[in-house]
Each structure stands twice: as structure tokens, then as C-alpha cells.
């Protein structure tokens, strides 16, 4: 199936997200879209998938113009989409999720799930997916959930498959498997539109690369073009992809975690017998695929988890069993992984969010009364210092862009003397410029002598920031390796291989990987 | 690569459970309570439960039991079950469901024997107690089904009270004017839909907070019906407010079965519709295309949208359907229970239905039983007051509400609402 | 606040007008005179229209005369009497409305103001007619008792929610019924009855225990209104200028972020419900020690339920609630007068009130009806400002 | 429709004011039950309306929906220049007292309360237990099952006085005839029994009545205003189902006022408030208002037992004679019917 986008323009109010974009997807082709945050890639795909109406422009399928009133029309035309945030109903089974919107029915509108199961098994077998139709989606690992998404598209006989940042949450191994699946699909004559920020993957699978900047197509590139060329095409200037930081000068070990175990509500040990230490002036990165206990580990340190055993000490003081407030007062700074859910109160002003965990300390509070002027003054200082782009200190934090929201959280946490700094996913969804700024602030904090823990699922970020790297897999520590270790070793550890084995194996196959 | 997965530390099954002591503790406390009150504090007399009347087609003998015997047997059995639960929990295993079920049944039997035994007349018509419970539960069941339909598709329905009241009003007026109870039934459904329409338009089309719309709708319907009641209905109640009743349809033979016959097979059309509605909503919700889409829209509307399901149309239709159900429930007040409309005659039953819906965990069957429990508690307090108890009548009348608080706080606790319930869906 | 005063003022005004028109139609349609004139509508339509106009306008004039200014009064006192009556009725509405609004801001949907008023009134009343204390101390103690009663009744709900996760909507509804029966029980005991009578009505409160009249004995307006103003100021301060309010608002707007920031969410729920209850208790005091001066089971009227609409109309802001309380107070006071003088049922007031709330909550609808342009560049589809100040407790409550 | 319009200059409809030419204004304020409560508000209101037609006076009324309305409503009436204001129910006592003290030119009459001692307030109260006694006796004598029942709206003296009298009547029957008729729903000793909890929930009245019938009662007396209507529904259904069950109405003669199920109303315990209200107005119109309490008794006909109407055939032959005898004995104070709620 040949797909053609001609002059697609999409406006949100005064913002032009897509500006006369032309794009052709040939049958049996992997067509990659590259572009920085907010370039308009997802918007374009949402237009193609019928979720947004284009303001202007035309879509041609096999040279015939079509209009999509909704995703239903797009699917009927043979377009399938796998969204970055999975569009799966968590409490439904795989079969129910696959059936939804495309239900096989018996008499009287009754569901025929058996039929759906059969189809799932057929596709599973064909592409080696290994998916149980009766598993409940929320119990499945992300990699499998993604396959469910692909099955959803294939069940509907999609000829064109849109994959929007499909690899962001996958382990290197799962990524490899996905790339394999893409090759198979392509061999079956299906076309794929592939969006990713990871240039290596793009280069590996693409037939054609289109680069988008500020809503416009700025050019196409050959998959064989060098990475730096692609990067500068994306951003519009030459970029240095590395952060220069001095080597760490670790001091005294002040933070210790010993034999830490966290039980989830369902009884599972999500963190299991974890022990590690962090010294003043060093960054320990905790790597691992999302959902391997990182969240629970940081929450346990903060006093946000209930069933915790073991010991957590900071400067010799036990933190375990303390309330969140006491942990904060002990000098722990915390950037939670989901800033809009845990880091900020969206309806509160920027000024209020800047003192969210200091509202009852001097100078913001005198007794029960809060000082507006102190709050305002603090806001002005932080906004200037961190270059927070906001209309005013009184704007609701929820109206800020992701990068600026993150700056607010960081500014708040760095605004008091810290004995320990923990940041989860400090730059998730943040654009390149801001990433650079935030990384420099974190390194500066380290250089000031604070022990720092960074939790990140982005290998690039981990490798860039870490002095030492700990890898978590299913709540267990796979080992702690130096920050200079190779990407392949980390990949193996993230897939559940202990550090020593991984180091040995990576040595064996060195050079054979991507 | 294969070594990577095998070398991952395996988790043993035994250490993978948090031992929740909540259930064993509750069971133990209740069992102890049973021992003290039902066994040690048992009245010394016999208790009679009558199952049928003398002139019924099938006459069953009454059950006569000794209060102390029942009290002791039940209490000891409950203690045994509690002990079993403690043992199971200590060894890290789950408490089987049958333990809880048997425990609940024992408690109910012991409690009934004890309260009836303590009354001045320790003799009760069990069939009447149950039939009355069902009667009291009918509007609650319709109301909570209406709630299920709305909330399952992501719209919080606080307006059940208004739907019931408007249904009752419309049924009374339409039936009086037309002289036909069936026209009244139809009008009730239409009235329920009208209330739903406002709820849908404001909460879905104009994205007004659903709780606000619901609360305000209740006030609106109360004011509107109250106004029309005094301005029109009371002026000429012969013409406006003397609806004919819905006839009771007896199913031959089946209606003669003692105890359950009158409850199941001797109802008006509204009564039969109730059973049908519970079954249909249950089956449709979990086994039909409509149900799958409804649940998807209530859990994760965006996912449904990306699969071509029109979220807001789905919600709109379900809210309207809910109006039909609640409206028919409202007709029970004026076409079955009593003959005529009275100001605010639903008396907060819509809110109780809401409680039943949550207590029943957003499941039609669960809501059905929750409503029955409430009806039972209410009628039990009625019956106890006439048998003569030392408990002041004001406290007896608190019983259903106290039971609900205990049920919601103790047994249900944090229940999981449909993921998107109460959250408007704004496309793109 | 700013936005409500400026951009939405027109919408609010039009909402009131629209609601009054709809209410007027209802009055006209059900009026006897109109009905008889409409029987010959086609031969003389002006009769029907005139009768309809007379029916609706006379009702609304009576409403106005009963709530704001009585231009038929023979003395100045009688002329402004209606306004003071409005303030009197508004007093409990404001207090209880503040309670509902405050809980709302903490993410809790408090349908229990009715029960909290009743329990507050019971506590206050008991102290008022059983204890005999000196001037000043007695009234203070009465007020305190009322607030404690309400706080206990509300706080209990908060406690149950925090401990067991039970849904506060259900709890507060049940607690209303339990409170009603509890008060009926108390009133059936001699400790709450008048000597020599078994009627369920308490003795009059001591003269030392009642709010003194605010404008002299010829008006029913009492110092409770001043207390309501103070309560509004206090709630405003509490929500916007105090650490406690900061915590409560954070809990209401985003419980997970609040928890992460070190706020004890459970404590927040309990505290919010206790303060909400105390405010409702204050409404109970206004009734038992201000307007009625005795305790009966009907002392709370339907103020606890009206308070919900008042808080919603006031968008859960303290001064918004205050203004909404005044408006509803005027409707209520005027409605009683209207019913007495024109026979139009006071229920019409409920209709008009709820229509106002609905219309104000949906500005796009009002704009569409009056063909007003949409304001600025608000993206279509969003409810926009209308729902922004109110969190959605239904969703927060159901999560967890 | 398109009927013919009235002539342009026809006088306004309903010109009752012109008829008698008196400018006496009689007014009434209801309690929160409203004037259509099929109980004391309604009876009192009808008394006022009767005075309007019989005496040619003008009337005005204010319906209260909540206790907070009492003060404003009474005030409205005072300001409206009423000569006499009838207030209904003990809950209005404080309001009435206050208004009467402040407006000595206006006369007041208060129904069901005897706590005010002011020159311009006339209490109207009833020794209802006397008539209820007769009803209890009649019920006991007529019951086939040996079980009779009563229940109330709310546990308050004006309600329980009916139930006390009824209970006395039943036990008097048992003493006199050696019968063993049982009373369900009320225990005079502990003053505890079955109550609906309000005067509105008719469905609850019906359910309670069905419970009574299930427990074998065949005569039921609801003392709950409109809720009693639910009892009639239950009784009609029970009779349709082949049972023989009857109701006893209260306040007015239910055979004439209940609007349904007349044929199953055994009798009614009448509390003739309308007559008393009309009486008080007519003495006031004549300028002979006094503040001595009016106590309705069997003797002065303020309370009475209604005729059996359709049920005549179903009661024992000599029952009416016996009841007449009992009435005489009560009037002669040979039998005293005592109730905690009786007027002192």
C-alpha cells in the first residue's frame, strides 16, 4: 500500500505543529521520522491515524484521496498505530484488548472471544510473539504489552504500521527483538513509519529518513549518514552530544542501604535484599528497564513505601520508619519520576510549587501563617536562576512545558542544603537544551560534595552522568560497575545477567554488536 | 543469551506474600462477639421461623429452634473458622472463600435467632421478612443499575435520586391522565431519560464537573416536582394524582412455592423487569460487544478512541439508557408501592442506591446483593419493632445505615472504581 | 477570583436572568388564571399573555419584597426588614457552605453538612439550656460546643476514610441519617425535653446562651451573621494564607504530589473533614442559638443540603461561597414571603437556584443561547474556567 | 382549547369578599407537614375555610416547609393584618408565644399545644386517648385473628396518645371479656413501638402494614398522617389476596376523606379540629375571644369514634351498644383512659 501526505498543516490555536508537510511511504519500506521534542512528529502521525483533523492538506492512499473522521476510518484503510504510551485497557485481558473496536460477535451482539483468541494465536505463531490471549494486560511486562499493541494492528490487517517511539521503554534485548519483528513485517510487504530519538536504531532499520524541525520537513537523509550529521539536521545547529565533567572525587561514604526489601501490596518482593553505598561527591546511577524496582527503591528511601525491611542510613541516622517529612528535613532532595503526578501540583502556581515541601519552614511560614512576600521573592529568584519559561510566578505549573516543569522541581530541590540528592528520570521528555542545563546542575551538586543517586532507564543518560552504575533487575542488584563500562555490558545486566558474567560475555562478543 | 534469563535469581513462592492480618482479625473479633452475645447472651427460649401461612397452597412446617443451642453451635463454629483463618494466614496461605461465606451465613443465622429470640414475641414470618426486604430493595436495585451503566462508561451519576423521583412523578401523572398504568411506566422511562439527558449534555458536551451536575439535578427535580405537586397535583388530585396500579402477575404453580414463590413469581411487571434488568446488564456488560466497549470507555477512553470507538457517544447513550432503568425504578413508587405521588417521596433512596453500587463494586450482581442487604436491614428493623424489642425505635431505624457504614468501611474499603469514572473525555 | 469578577460576570448575570425566565414560565404555565385565559387563547391571546405576565411578575415582586426591600412597608424598619431576614437565613448557609467548600478544596465531597449541623446544634443546644453560666462565657461555650459537635461528626468520616479508604460520599450520606435518628432519640429523653412535657422540643436556650440581636429587637438578625463573616475571613486565611490550607489544597489538588512533598494525606483528610464539620456546627449554632433558640429535630431545615449548592455556586472559594450564601438566603427569605402572599410554592426557588448553578457552570451554553462570542483563545472542548477551581473528588476518592 | 372569552367587563372571578361584607381576616400557619397532610394541618385549614364560607370572613394562609419558616410566616400574617392567627402544632409554640406577646391586638389559637398562657392565645388540645380507647375496644371485639396493630409516624405525644388509648381499649376488652387479643406495634409500658420515622414515607407505611399482616394482625391503625395511605394500599392488596384485613383511620372520618379503600375502614378516631377552629373564629368574630384552653373530649364531641359505615355488617351485633355505654362511662369518668400524653 502506498501512502502519501501532501501539504499537511495542523494548528493548535496559534501554534503551528505541522507546517505543510509532505511525506511518501512506499510499500515494504521502513520510513523513519527524526526530530527534536515538539517537532511535530506525533502530531503528524495522529493526523494520519485520524485522531486529529488536519487544518490543511490531503492524505492519499494508493493515489486516491481519503478523509479519516476517526481512527476507525484509518484502520479500515489499513493503517495501524502503536502509541508511545500504550493504548491498552489495563484491566482487560489481551484478547479483550485485541477485540475492542473490532469485535467478533455471535448472535445478538454477544462477544466471540474464542475467535479473537484464535486470531491472536495465529499471529503470535507467525511472528514468534509468545502472547497468552487470556493474560490480564496490567500483569504483563512492557515488552509483551508492546507486542499486544502490534497484534492489535495486525489483527486489523494493517498494511502501514506507525510505531511512535516504540523502543523508549524496552531493554536492549527487547529492542533487538522488536527490530527483528520489523524486518519480518517489512519482508511481508508491510510499510512501517518509525519514530525514535535513538539515532543508532534509526540508522539500523530505515530505508528512508525524513527530518522534521519546528513542524517543517527540513530534509531527508540516507541511513548511512553519520550520526552527528543527523543530529545537527534535527536541531539546526551542530551539537556536542557529550557532557564534559571532571572525574569524581568521592569523599566519605555517608549514605548506606543494607539488605533492603520492599513488598508490594500483592506480596511480591519488588526490591529484594538490596545493599549499596554512596559517597559524598559521587553520582551513583541506577540503571534498569522500567519496572524493575527503581521506583520502589527511591520511594522506600523517601518513606513513601509501606512494607520495607532492612536499613537505610544517612550520616549514621536511620531513615527507615521515618515519615516523608522527616526524611526531607534530614536533607534528602528528591525528584520523582513522574513530575506531573508526584512532583508538582498542576493547579498550584509556580511560586507555590517552588516551596511545595518547604511551605512550613522559615522564611515561608511563621507559625501557621505563610508569608506571601517570601514565597514571591523565592519564586523570582529561582525563575531567574533556572531560566524557567513562565508567564509569571503566579501561572499554574500545569501550563508549563515539560522541560520547564522539570526545572521547577529541580530548582525546588536544589534550593536547600542537601545531604543526599535523588533524581528519577531527571530528563524524561525534556528537550536537548534543557537536558544539557539540568545535567550540568546535577554534576555541580556532586562537585559540591553531595552524594547523588540518579535513576534512569536511558542508557545514554546513565553513561553520561554516572561515576558508578548499579543495575536493577526484578528487584535484585545485578552488580555495581564503573561509569565507564560499555553499553553492551549494561544491556546484558539490564536483561538479568549478573555483572561478572555480563563483563565476561561482552568481552567475548565485542565488536559484533551494533 | 539464554544464560541471561536462567541466571536471574528465581523468587520462591513462599516469601512472595504480604501476610494481611485484616481478615483474621475481623473474623476473630466477630466470632468473639458472637460468643459473648449470641451464645452466652442467648435468650433461653425457643424461636419460631414461619415459612408459610396456613392457607397457602403448599404449607411448610415452621422451623422451631432453641436460641441457646443455635447461639452456641454457631459461635463455636465461627471461632473454629476464625482459628482456621489465623492458621492459614500464619502459614502464608490464602483464606479460602468458602470460609468467609460460611462464616457470614453462620453469623446471619445466629444474629437472626438472637434478635428474634430476644423480642417479646419470639416468632416471625420469615417469608414476610424476606418479601418485604425485596420490596424495599426494588428501587435501590434499579437505581444502582443506573449507576452501573453510567459509571462503567466513565460518568459519575449522583443524579439517581433525581431520576427515581422524576420517574415516580411522571408515572403518577401519566398513569392518572391516561388511566393506564402501562402508559405511566413508559412515561417514567421517558422522565428518567430527560434527567439523564441534562446530565449527559452538561457533563459530556459542556464538560461540567459530573458531581456538580448530579447534585444540582437532584435539587432541580425535587424543586420541580415539589412545585408541580403543590401547583397542579394537589389542586385536583383526582385528575392528576390517582394512578391506577400495575397488576400483579402471578406465574401459576411457581408462585405457590413457599418463601421464594411470592418473591420471584408474584410480582408486577416492574418486579420482573428488575430481575431481567440485573441479568441482562450483567451478561451484556461482561459478554457483549456493547459491554466490552462500555467498560473500555470507562477504564481507558483514549485507548477506546484510538480503536475507533466513539467515546462520548458511547457515554451519552449509556447515560440515557441509565435514565430508562432508573426511571422505571421510580415508577415503582407510584405504580406499585403506593398509589400516588408525594413530595420528595424517594426520600434519599437514590443516594442509598449509590452506596449499593459502590458496595457492590460497580458490578450489577454485587449491587443487587448490596441493595438486598440494605432492604433486609431495613425490614428487619421494621419487624423487630413490631415484635417488641427493648431497643428504642430511633436506634432500630439507624440499623440499615450503620450496617452500610460497617460494610463500606470494614469489608469493602478501598474499592477500585472504573479508571476514568468522573473524568470527562476531551478529544485531541 | 479575578476572572469571576470580570469575564464571567456577564455570564453569571445572564444565568440568573435565564433561570428567572424559566422559573417564571413555570409559574405562568401552572397558574390558574393563565389556564382559564388560555382556554380561549385563540380568540384573545393577549389575555393569556397578560395573565402569564401577572402571575410571574407578581411572584417575583413578592420575592423581591420579601428578600431585599419592601416598598409597601409603613416604617423604615419594615422596609428594610426583608434584607435583614435575608442575612439571617444566609448565616447558616454561609457557615455550612464554607464547610462543604473547604472539604471540596481538600478533594472531599462532603454531603454530610446536614448531619454535622444537627450534631453541632445538639451539642450547642444542650450547653445552652442545661448549663447556666454568666453572660459571655455561656455563649462562647455554646459556640465552642457546636463546633466541637460538628467537628466530631465530620472528623469521624475523615478518620474512616483515611483508615479504611471508605468512600466519603457514602459515609456522609449514612451519617446524615444516623444523626437525624440520634437527635430524635435525644429529644425523646427527659434531659432534652421541657419539664412536664414529652414533646420532642428542648427548653429555650438561656438568655446568656443566645446570639444577641445585631440591629435591635425588631429584627431577627443576630450576631451569628458577624460570626459567619468572621468564619469567611478565617477560611479565606486558612486556605490561602496558612500552612494548613496549603496542605489541604495540595491534598485536594494532587494527593500523590502532596504525599511526596511530605504532607500527611490521611491527616489532611481527617483535618479537612473536622474543620468542615466545625463550620457546619457553626451553622447549627446559628440556628439553635440565633434564629430558633430551641433544639428540635428540624432545626437544620435543609441547610446542609442547600450548602452543597451554595458551595458549588461559590466555586468552593470562601468569598464566592459567602456571596452564593447571600443569594440563596435572599431566595429563601423571599420565597417564604412569596409563598405567603401569592401562594406560589417556594419550591420554585429550588428550581431557579439549581438552574442558576447549572448555567453558571456551563458558560459556553449561556454564550450560545445569547449568541455571545466565545472569549479569547480558549481551546474549544475544554470546560475552561468553569470547573477549574473545583477538584474532582469523585475521582480522587475512587482511586487509591 | 378555544372556548369563548368572558365579557370584557365581567367582575373578577371568586368575589366571596363582597358576599358578607365583613373585613375580618382569619389566618393560619401550618407546621412543616403542609396543608395537604391529611392530618391536623389539613383539618385545621378546613375549619378556617369553613369559617370563610359560613361566616363570610376573609382568610389567608402560610404553609411552612421547615421549622425555620415558622417565624417568618407568622410574621407575614401579623403584618398582613390578621385578626386571628391559627398556628398548628406544638413546634409553633415558641413562635406563637413571641408573636402574641409582641402583638397584643392580634388573637392567636394554637392547635395541639397547651404551654402558652397569654390573654390573646387560645390553646386547642384534645384528649384523643378517649376516642382511641373506643377504637381499641372495637378493634379487639372485631378481630378474627386475635391480633390488632398500630404504628406511628414519629414517637411524639400527639401520636402516642392515639396509640396509648388504643392499647387501653384493647386491654379493657381483654379484662372485660376474658379475651386474649394481642396488640402489635406499641408497648404502652415502655412507650416503645413501631414508627416510620417521618410523616411522608408512604411506602414504609405499606411495608410495615404488610409486616403486621404477616404476623397475623387483621386490624391496623396507622397514626402517621399521609403515611396511613400506605396502610390502605396494603389492606386493599391483602383483601384482594383473599385476606380479611381492616384499617382504622385517624384524625378525620377516613370513610369520607381517605380517598381509597373506604370499604376496608372499620372506623376512625376523629379529632375534630376543623370544628374547634371554626368555633374559635366565630367567637372571636363575635368579640368573645377568651384564652381558656379548649380541650376536645368525647363529652364535648371534640373527639369521637366515626360510624362503621360499610363495616356495619362485620362488627358484632351489640358492639355499637357497648361502645355507647363505654362512651357514657368515660364521660362520667367511671373509666379513665390515661396516657402519658393526655392533657393535664
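Chains: A, B, C and D, in written order; residue numbering restarts at 1 for each.
Throughout what follows, a residue touches a chain if its C-beta (ideal position, glycine included) is under 8 Å from a C-beta of that chain, and two chains touch if they have at least 3 such contacts.
This is a predicted model, so every value here is computed, not measured.
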{"item": "Common touching chains of subunit D and subunit A", "value": "B, C"}
{"item": "Two chains joined by the most C-beta pairs in contact, as defined above", "value": "B-C"}
{"item": "Gap in Å, rounded to a whole number, between the CA centres of subunit C and subunit B", "value": "30"}
{"item": "Inter-centroid spacing, subunit B versus subunit A (mean Cα positions, whole Å)", "value": "44"}
{"item": "Centroid distance [mean C-alpha coordinates] between subunit C and subunit A, Å", "value": "47"}
{"item": "Distance from the mean Cα position of subunit D to that of subunit B, given in whole angstrom", "value": "37"}
{"item": "Sites on subunit C at which at least two other chains make contact", "value": "181, 184, 188"}
{"item": "Touching two or more other chains - residue numbers and ranges from subunit B", "value": "230, 392, 394, 397, 427-428"}
{"item": "Residues of subunit A touching at least two other chains", "value": "none"}
{"item": "Of all residues in subunit C, those that touch subunit B in their complex", "value": "26, 30-32, 109, 111, 160, 163-167, 169-171, 173-175, 177-178, 181-182, 184-185, 188, 305, 308-309, 312, 344-345, 347-351, 353-355, 357-358, 361-362, 364-365, 381-383, 386-387, 390, 392-395, 398-400"}
{"item": "Interface residues, subunit C side, partner subunit A - complex", "value": "237, 241-244, 246-247, 249-250, 253-254, 256-264, 377, 379, 388, 391"}
{"item": "Residues of subunit B that touch subunit A when the two form their complex", "value": "1, 3-5, 7-9, 11, 15-18, 287-293, 295-296, 299-300, 302-310, 419, 427-428"}
{"item": "Residues of subunit B that touch subunit C when the two form their complex", "value": "156, 158, 198, 202, 206-213, 215-217, 219-220, 222-224, 226-232, 235, 348, 351-352, 354-355, 358-359, 392, 394-395, 397-398, 401-402, 404-405, 408-410, 412-417, 421-424, 426-428"}
{"item": "Contact footprint of subunit C on subunit A as seen in their complex", "value": "12-14, 302, 304, 323-325, 327-328, 334, 336, 341-348, 352, 356-357, 359-360, 365, 368-370, 372"}
